[in-house]
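This report refers to the structure that appears directly beneath it.
The first chain written gets the first letter, and so on, giving A, B and C; residue counts start at 1 in each chain.
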Amino acid sequence: MKRIFGIAALALVVISGWAFAQVEITWWHAMSGARLGVVESIVDEFNATHPGIVVKPLFTGSYAETLTKFIAAYRTGTAPNLVQVYEVGTQTMIDSGAIIPVYQLPEMFGEEWDWGQYIIPILNYYSVDGNLWSMPFNSSTAMLYYNKDLFAKAGLDPNKPPTTWAEVEEVGKKLLESGVVEHVLSFGWPGWIFEQMHAYHNQLFANNDNGRSDLATEVLFNQDFGVMVLDTWTRLAQEGIFLYGGPEYSANQAFISGQIAMLIQSTSSLAGIEKASDFQVGTSFLPRFAGYPSGNSVIGGASLWVAKGQSEEELKAVWEFLKFLGRTEIAIQWHKGTGYFPTVNSAVKALLDEGWFSKDQNFLTAFLQILSGRRDTAAAAGVRLGPFVEIRELERAAIEKAVSGSMSPKEALDEAAQKANQLLEEYAKVIGS
Amino acid sequence: MKRKTLYQLFIHGFLLLSVFIIAFPVLYALVTSTLSFSDAFSFPPKLLPGRHFLENAAEAWNRVHMGRLMFNSTVVSVSVAVVKIILSLMAAFAYTHFRFRGRGLLFPLCMVTQMLPLPVRIVPTFELMRAFGWIDTYWALTVPFFASTTGILLFRQFFLTVPRDLSDAARVDGAGPWRYFLQILVPISRTNIAALFVIEFIFMWSQYLWPLIVTNSREMRVVQIGLKMLLASEQQAPEWNVIMAGTVIAMLPPLIVLILFRRSFAQGIAMQTEK
Amino acid sequence: MPQDRFPGHRFLPYLLVFPSLAVIVVFLIIPFIQSVKMSFYTMSPFGTRLIYVGFDNYRQLFSSTDYLHSVIITLIFSAFVVLVGLGLSLAIAVAANQRIRGKGFYQIALIWTYALSPAVAGTIWALMFAPATGIMPYIISKLSGGYKLNWMTSPTIALLIVSAAATWKMLGYNIVFYIAGLQNVPGELLEAARVDGAGPWRTFWRVTFPMLSPTTTFLLFVNMLYAFFQVFGLIDIMTRGGPGNATEILVYKLYRDGFIHLKSGYAAAQSFVIFIAIAVLAVFQLRVATRKAVYAR
């Protein structure tokens, strides 16, 4: 009796092992700090509810490092199934020949998928000719943060932040006069903010429909609009209002420690800033240039790309995971844990319904900004460039030179544009369009 | 007499100032590692130690999995130092105790190697790791460093001073070159071996660029990259107290090695300088 | 002159040398040759296309203002590290070599920073000079009546601070070698100078310093190698080549172009140019070292 039992048990184990042969999906990402925790808990939830699939997330460094490693791995045939690539890497990924566009996945498995459920500006950003190539995951945009306490101290209404750049200048002067701060405003990611201004006012940043209908061959940021923007910032710097804050997030420190009263920064910094600051934080839309058309704020962050060379089993598993990420509860979980936009409309509605935004109005600002902007023009959708990483560095250098006074805005932008165009030319040659 | 004391005072003053200036950054880092987050962020900065070191250290430890990082760094540093010493001893032995064809190439070879630090050949070496399948393994972190011209030259210089009588006596006793090598030459090279160990351990422990590009997974990263991860993990304000606690942990092993072997290290250097 | 001390063992030397040689050839020499080859091509980011471009990469390099800027930055940076570093270390070593009490203590207290890695040094200096909250900006603002030191927005300041950090880290190493070198100066020579009536200053410059030239040349070479290559970790942690490209030394530009901008051919051309620079330096050092050594005898 015992022996039969033993054999049966063994058989069961063997069969179950065989039947539940798990598909392993490796996912390389660049989410560090608190975001890493949220990634892991979402993945754990997926793995628990999807027996037969094991997603293995791996933090592979910064966005740049992750991309470099992906390329190296792909060339040895050891690429992960899924990789997170920053938004500036979009064109490179499209031209890589190493990925399967996401829109082809449901077709592969005979499924119908409603792409309209994703937030339109985000969807547009990662689409080519109306088809979605990478799955939106962590998207943010930029907005204006301001220190309500300092505003009050300076005799300004803490609930009336500036809405135009002219008002920024006015408010800035008052803040300086009152002596509460030595400088008023700074930005994070200066190059990105420069691009934001273009899209926000429906101005093209590069030709060929912002690089969306064909590879861009010429940048347009050194034309009248771009020069006007940089002129304004330079003037604000000379007045002591604008303080150049360095690349990426380095300007946050000055804002958190109360040394400046306003900060233009990624929406993903909101949670961190609220936590670290000891004053009341207010948020508002990006300041506009009055008299110019309106567009939309640009998507930043990263998206998920599906590598080629996987078995059909693996692709199915990847697709299940991507669908999971688009579920309302998961999108909400991601937003609440990191501050990035939830990727689907249903999540936005649910958040509104549960009163999430009334608990902290600041979380609503980014949404309102992006959902109220245009979504039908290439200019508002944001620019797509091959050598985007380098070009963004050129933008930053131009801003630095103009703001520090070593070059006039027009000269700085012209110099940057000339170098950028050369890069675009080389890129086109190498990709062999 | 007075002039001499004044002179002594001056020298001591100068030296103490130098010691202080050299030590100050690290002292400040130590103090910061004991503060709480808000204290670390206060302006004006605080100079007195707080009580949060263990907390901060634990936070840094967990955040970047320091345990594993320290383990990796130790494995890499020790194994490379040891293998380098063995290989250098062997090569120096060959060059100084034998005549063979190609012996004259030693110096040119060492010279050329000195001119080929990693960045000069970084992409193809990386590709080689890819081709061997060594990315994200200990192999990639160690094998390319196994040859050391510093070591070869160091031991060569030392072996040249070993009198012929020693090897003659060994031969008369019937000992072959291996026994001579292992039982006589290596033991008398103790000081140089210890000095080289310190140098190579510190060199490998400090490696940054190579581990950065050659490892991906959390399991294989080294402590230096862990520091970068600590700094990068704050999108907003860097948590200096935690970062410094991590830095203190990362600093310790090479410091310990240097202090343990300081006598041999100093002697080894002195020996090398004595042309 | 090395003779064959164990005749009859014909293969042993080859066996002994083989492992080192194998590593050098496989991991250093062959990749270097491939790198040179790569510098004549342009490759797409994903390696899908390899286009032969002849000397285009080099042409682009030498006509690029960014590259020229990087060369200048590297020269300024290395000059600082070498001159300030060696100068200070020599002064400190001379002091530590005097007949005073506590010599042993001083020696260990001065060399221990050798054990710190460039990345650690970078992290600590980033802390000290953090614009809003660091102690150095605070001290400087107190001393200068309010000047707000922000290295993130001033290219010159950034370069200065990064150079100071790099120099600081190497002080320990330089001091050890200088102390050893000083101890090797034959007493008789110093005695002879004293008898001749030379004061300490003249003795130093006429006797001690020339006797130190092998050490100085050696340290020069090592510090240059350090400033060119090993400081990568420090730069990556402190400034990442910024602000703008104010601290983008050649090795950092190489990394950025190769690994972030994904331009392998262009990066390979840069590495070859660095190689030439180092080769020239190495040959120079060898020449001076052998010449001076002979002279010193």
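We take it that a residue touches a chain if its C-beta (ideal position, glycine included) is under 8 Å from a C-beta of that chain, and two chains touch if they have at least 3 such contacts.
None of the values given here were measured: they were computed from a predicted structure.
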Request  = Would you kindly say which chain has the C-alpha centre located farthest from the C-alpha centre of subunit B?
outcome  = A
Inter-chain pair with the most contacting C-beta pairs = B-C
Key: Approximate Å spacing (C-alpha centroids) for the pair subunit B, subunit C   = 16
Remark   = Per the C-alpha means, the centres of subunit A and subunit C lie apart by a whole-Å value of 39
Query = Out of subunit B, which residues touch more than one other chain, so two or more?
reply = 41, 43, 212-213, 238
Request  = Indicate the residues of subunit A shared as contacts by at least two other chains.
outcome  = 65, 68, 75, 253, 257
Shared-contact residues (touching 2 or more other chains) in subunit C = 130, 132-133, 259
Task = Mind listing the subunit C positions that touch subunit B in their complex?
result = 2-6, 9-10, 12-14, 16-17, 19-21, 23-24, 26-32, 34-35, 38, 92, 95-96, 98, 100, 102, 106-121, 123-128, 130, 132-135, 138, 168, 171-172, 176-177, 180-181, 183-184, 214-215, 225, 228-230, 232-233, 236-237, 251, 254-255, 258-259, 264, 267-268, 271-272, 274-275, 278-279, 282-283, 286, 293, 296
Query = Quick one: in the complex, what on subunit B touches subunit A?
reply = 41, 43, 126, 130-131, 133, 135, 212-213, 216-218, 229, 232-238
Remark   = subunit A residues touching subunit B in their complex are 28, 32-33, 36, 58-62, 65, 68-69, 72-73, 75-76, 78, 249, 252-253, 256-257, 268-269, 272-273, 275-276
Note = In the complex, the residues of subunit B that touch subunit C are 8, 11-12, 14-15, 18-19, 22-23, 25-26, 28-29, 32, 40-45, 47, 87-88, 90-91, 93-100, 103, 109, 111-125, 127-128, 143-144, 146-148, 152, 160, 164, 167-168, 171, 176-178, 180, 202, 205-206, 208-209, 212-213, 224, 227-228, 231, 238, 240, 243-244, 247, 250-251, 254-255, 257-259, 262, 265-266, 269-270, 272-275
Key: In the complex with subunit A, residue positions of subunit C that touch it   = 42-49, 51, 130-133, 148, 152-153, 240, 242-245, 259-262
